[in-house]
Amino acid sequence: MTTNNKSITCKKLLFISRHAPYGTSLAKEALDAILAASAYDQNLSLLFMDDGVFQLLSAQDPSDLEQKNFAAMLPVLALYEIENIYVHFESLQARQITINELILDGVQVIDSKTICSLLTQQDQLLSF
Amino acid sequence: MSTLHTVNKSPFTHTTLLSCLQICGEDDGILLLEDGVFGAIKSSPCSEQLSIIMQKGIKIYALMGDVKARGLQEKLHPDIHITDYNGFVQLSIEHRCVQSWY
Amino acid sequence: MIFSLAIYAAPYSSQASDTAYRFAAAVLANGHQLYRVFFYHDGVHNSSALMTPPQDEINLVLQWQQLSQDYNIDLVVCIAAALRRGLLNEQEANRYDKPTFNLNQNFEISGLGQLVDAAVISDRLITFGG
Amino acid sequence: MTTNNKSITCKKLLFISRHAPYGTSLAKEALDAILAASAYDQNLSLLFMDDGVFQLLSAQDPSDLEQKNFAAMLPVLALYEIENIYVHFESLQARQITINELILDGVQVIDSKTICSLLTQQDQLLSF
Amino acid sequence: MSTLHTVNKSPFTHTTLLSCLQICGEDDGILLLEDGVFGAIKSSPCSEQLSIIMQKGIKIYALMGDVKARGLQEKLHPDIHITDYNGFVQLSIEHRCVQSWY
Amino acid sequence: MIFSLAIYAAPYSSQASDTAYRFAAAVLANGHQLYRVFFYHDGVHNSSALMTPPQDEINLVLQWQQLSQDYNIDLVVCIAAALRRGLLNEQEANRYDKPTFNLNQNFEISGLGQLVDAAVISDRLITFGG
């Protein structure tokens, strides 16, 4: 793929991750999908909302479940240069989760209205 | 450009439709399908909120086959639009993106 | 217009795969192009060659197969999701020393990149979750 | 199995069906399970609650989905002599469903408190 | 005899726990597990109702491995009992029947 | 005390099968008897001999197999649920002219009567839904 082709096909893709970790595999599969997307030179964003915000709690310890720690996996997003990471303010508020409980430093907390306009700026939504 | 939202869970047992309504913009559309069509009946727990956003101009659709299957024809909120799969395709073209709430 | 679908739901257990199939058929009937159907999460079960529903019920794997043959549509199953759930083609069965394989021959096993590629190439990507 | 053995092992089994028809296969699989149980000479009961009460709406017509009509299947319960059929009052009320919309005549509408004591009289609960 | 109820869905997104609370009797017990343990935190949408029924003597348990996995140790409602799989087995013996809410 | 379990959830996609396995292990560790594990709805996928998770992840079909061998436990898969979802043993594969089968050999295919029988014989029947 030439640089020229790349620019033609550079799209804005927003991954929306709405499910809690561990109870189902959707949270992990959303993460795997956006990491795979990072190889394609697209404009990527990731939004956590609803129970998906529980993925960000830093105190996770799934050793009894013999599963990988989700909180320990999320920092890999920075290594893959995925920097547009959003968290839904009202979802945090409903769960009384404060920003200092979250594993990621660089997340942008945005309200419902801002999410609405974020969606309108995208070329595709990947719904998880 | 605007977003089409699809919702396939019952609002009597899931908060999916409520989440969708929270971030739905004035140019957006909502398509209720599968168990999501329980959100299209007058007794839905989101019925009043749907009335309010429909007055703002947001259009809400329900998939005919799913409404009929569940026997809800006579129970529908009067302002909900009934559509079919061709309509679903058309809606997905008229909006720029589709967000699936499941 | 170019469409792609992402299917995350198991057939029979959830209605969503059936909805996705009917949507795919309507896309084609309306003269649009269907670039790819990508199966992920429990959606990978749509590809099972061993699916054996009663004769008076819908057989989704055969419906996808027919659609793929009639319109030359890419049916792609995510490799990581498929292996965990016991869906293998011959090559993967050999690689992991499994005695047999069960992927319908019209489905291809590939990586998550094929989902991203579908999102990039298509005008519309629609997700069907369970 | 002798009559004597039968009486020793006759248990009270309550099937609880809480999911809407068509959207998932759980409603159908609950029905299949209780029909299978009717061959075992046990004391069977069936309770519809939550979205499971939607299974009872007589106006169903799933022809567009190419699925079997759930409302048309339920009367088979009588043929299998499953007569203790209960519907949760508050679930009907929340959905504004009246008793004359239901496909089955012989259902007993019971409230939460009665369900609570119904559960305590069982030997096993089969949760769907 | 009494019933043990297990709940494995989050009360933030499903009405499962509410349904369970509706028909839970005074001798019953409730075990929260998997995503159901989100119901055990102080900010749960059912938190007040849980307080009320715990004052009536109904015991509510949460499965430790699931609480720890989700990082909820410091967020728990103070009257919830933490248990493990041996405790789960014991609870299922102490109650006559088990109803699974999923 | 005699226990039986009914499992309705797919492994990996839902945590419930893993919960059920840990409960089963605790039942046995506490000296109780496990009469039967009955797999229904998406639970039938627990029986797939082709399940191929990454090596550092839990392999549920092998865990059930080990439990069954160590304690002589009846693992029964509902035939109607299994056929629809593409889980077959050799006999069913022959009956329906399928080229191969994928049921782990420690699992038995049978009817819903085995769930009822488990409810009747056991002191406790516990359902694990997805």
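So that you can tell them apart, the chains are marked A, B, C, D, E and F in the order they are listed, and the count of residues begins at 1 in each.
The rule is short, and it goes like this: a residue touches a chain if its C-beta (ideal position, glycine included) is under 8 Å from a C-beta of that chain, and two chains touch if they have at least 3 such contacts.
Remember, it's a predicted structure, so these values are computed and weren't measured experimentally.
In terms of the stated touch criterion, the partners common to subunit A and subunit E are B, F, listed by label.
The set of chains in contact with subunit E as well as subunit F comprises A, D. Using CA-based centroids throughout, the chain positioned farthest away from subunit C is E. Our note on geometry: subunit A versus subunit F, Cα centroid distance of 34 Å, whole angstroms.
Remark: subunit B and subunit C have CA centroids separated by 26 Å (rounded to whole angstrom). Note on chain placement: the centre of subunit A and the centre of subunit D lie 42 Å apart, centres being C-alpha means.
Each of residues 22-25, 50, 65, 67, 123-125, 127 in subunit A touches at least two other chains. Counting partners per residue, subunit E has 8, 12-13, 15, 34-35, 65, 98, 100, 102 as the residues that reach two or more other chains.
Touching two or more other chains at once are residues 8, 12-13, 15, 41, 124-125, 127, 129 of subunit F.
A list of each chain pair in contact follows: A-B, A-C, A-E, A-F, B-C, B-D, B-E, C-D, C-F, D-E, D-F, E-F. Subunit E contributes residues 1-3, 15, 19, 22-25, 27-28, 96-102 to its touches with subunit D in the complex.
Residues of subunit D that touch subunit C in their complex: 22-25, 65-67.
Contacts from subunit C toward subunit A in the complex involve residues 6, 8, 40-41, 80-81, 111-113, 115-117, 119-122, 124-125, 127, 129.
Those residues of subunit B lying in contact with subunit E across their complex are 12-16. Every residue of subunit F that touches subunit E in the complex is listed here, in rising order: 1, 3, 8-9, 15-16, 19, 22-23, 25-27, 29-30, 32, 124-130.
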